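Each chain gets a letter, A, B, C and D, in the order it is written, and its residues are counted from 1.
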Amino acid sequence: MKRAAVIGVMGAGDGARPADVETAFHLGKAVAERGWILLSGGRNVGVMDAVNKGAKSAGGLTIGIVPEANTDSLSDAVDVGIVSGMGSARNTINVLTSDVVIACGHGGAGTASEIALALKSRKPVVLLNERDVSIMFFKAVGGALVHHAESVAEAIVLVRTLLAKDRPGSTISSD
Amino acid sequence: MKRAAVIGVMGAGDGARPADVETAFHLGKAVAERGWILLSGGRNVGVMDAVNKGAKSAGGLTIGIVPEANTDSLSDAVDVGIVSGMGSARNTINVLTSDVVIACGHGGAGTASEIALALKSRKPVVLLNERDVSIMFFKAVGGALVHHAESVAEAIVLVRTLLAKDRPGSTISSD
Amino acid sequence: MKRAAVIGVMGAGDGARPADVETAFHLGKAVAERGWILLSGGRNVGVMDAVNKGAKSAGGLTIGIVPEANTDSLSDAVDVGIVSGMGSARNTINVLTSDVVIACGHGGAGTASEIALALKSRKPVVLLNERDVSIMFFKAVGGALVHHAESVAEAIVLVRTLLAKDRPGSTISSD
Amino acid sequence: MKRAAVIGVMGAGDGARPADVETAFHLGKAVAERGWILLSGGRNVGVMDAVNKGAKSAGGLTIGIVPEANTDSLSDAVDVGIVSGMGSARNTINVLTSDVVIACGHGGAGTASEIALALKSRKPVVLLNERDVSIMFFKAVGGALVHHAESVAEAIVLVRTLLAKDRPGSTISSD
């Protein structure tokens, strides 16, 4: 039996734009509908909170790795909170645990670090609704590992293609 | 809605005694039967592997945090593999994520570090079938946080009591 | 007595351009001449190796935090090797330990993660001889924390100014 | 040129016994007199603070790796503060960075975790003035890697022997 794929969704917390929060909800829902496990930074704000709520609206399994040493800031929509107690050093675990990383919306410094760490460990990254300058920068750094999408539907197609390449037998959960 | 409790089970990998591996299977089964989430070091050997197999035999949810930067050594009985890439530094995450930590059988240095780290972060610990010298040592270091049990049934009773104290409303999953 | 300032220099390892390696040597020398402690990723290749050699040529103190669990890849020009055993999660420690972070030359994904992590923890960053797209991207993410320089001399002036702002009494080591 | 050996001294912070704090000062002094670099948990209390003060009284180089994300709690006697921001996960770095680990006095849970982590990574450990139950426990877990001493002088002789075995050429700094 093949283990379900883990899709990491990264994005802004407190500073997230309303449009990105809304996109995150739809993205989380779409990830769960494919039977993929959702992984995120787990906090109860912004993109992190919304993507988990979207996944739960479709009955998905949600994992959140928080920077703090307790679960005080964990989103209510996270099923399993991994308590790292190591601040931004947990960003490395977020990307190592993900089969594909999606950056959702205009990210801040934390999201930028997660994209860069994903590329460093040779993980494919999908930039969804990112700024042009971010797309240019990450393509300069990560080359063919970097993809971009302008809708949730487009992002999901990219993830399916990337999973099929990396995990040839893992099609069971896709519709 | 209350999140399910996370029970961390620690124990030997390659060097585990056959009796401890057998106990681990029954312990994992009992944890899952209460509706608790099983957390472990996730590797496919010894106590780590057996406790996950036991939990899956009862349909539980199993999370494993591996020391490596990939899932090559992850037990097949782990549903979600958290890939830390940080060697024994992941032991801290194991204990911070657990509501109660159970050390199963005669542990080695890795297990000893997890017990000590649990006590350092004020988590209750149940020593199941541990050596007398270990019980004496950890009681000297951790005082009232340290409990010991000589059967799976006894360990489960202790965990229920400890969860009721720490998480007063969390009785939904108990039989 | 005021502790000496720690300047973190980040940059490419195996993929470093020859011009950036040469700049790194001069940068390390200049850092040591001011009495500052040099911190780096510590590996014996590229910018990391050269910046330590430059610092030692001026008798400075050099600290390197390696990703591996041993010192096999540590530059000979590092006085104290901090052995993290946690891969790229050590990048967070690199930036938290530095009073100012300098990214030297055209960085790869690892360097990009260190710049982003520095900005996330509100550390000032100097981009020395970076690509235009990198400068634009990091200014979009980090705003006033991001500075850029086109020579070692210019970078050193920036660092002195930034240290004076953050550590008002720390002028003893400056010429 | 051979890099100087790094000796890690672990011990209680706030809860340290006065006798252990006094021993720590003499131990730090003796470590520095041999030309060894002192590594510790770096905090400004108990054994951690005293061992650094002892080392500075003999002009040694002192490195402290703090659990916090800033240097607020760093001992004044530490030359270089490594800021981990990862709580007790930094204990793993303490032991990986040390050629030999000395546990000074009656340790608490944090020290116990460091001894266990040292044994897990196959580092030799010297228990100086530890409880009998601790010596028995760690010998059961770590076998021949565990040594014990009842005076600073005895501990230093042990460290010299252990360094000569592990690092055959590293005798330059010894008297």
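Just so we're on the same page, a residue touches a chain if its C-beta (ideal position, glycine included) is under 8 Å from a C-beta of that chain, and two chains touch if they have at least 3 such contacts.
Since this is a predicted model, take the numbers as computed values, not measurements.
Visitor: What's the overlap between the neighbours of chain B and those of chain C?
Guide: A, D
Visitor: Which chain has its C-alpha centre farthest away from the C-alpha centre of chain A?
Guide: It is D.
Visitor: Distance-wise, how many Å sit between the C-alpha centres of chain C and chain D, to the nearest whole number?
Guide: Computed from C-alpha means, the inter-chain centre distance equals 28 Å.
Visitor: For chain B, jot down the residues that touch at least 2 other chains.
Guide: Touching at least two other chains: 69, 85-89, 92-93, 121.
Visitor: Which residues of chain A touch chain C in the complex?
Guide: So the residues of chain A in touch with chain C come to 86-89, 91-93, 107-110, 112-113, 116-117, 119-121, 131, 133-134, 136-137, 140-142.
Visitor: Over in the complex, which chain C residues touch chain B? Could you list them?
Guide: Counting only chain C, the residues touching chain B are 69, 85-89.
Visitor: Can you check the complex and tell me which residues of chain B touch chain A?
Guide: Residues of chain B touching chain A: 1, 3-4, 6, 37, 61, 63, 65, 69-71, 76, 78-86, 92-93, 96-97, 121.
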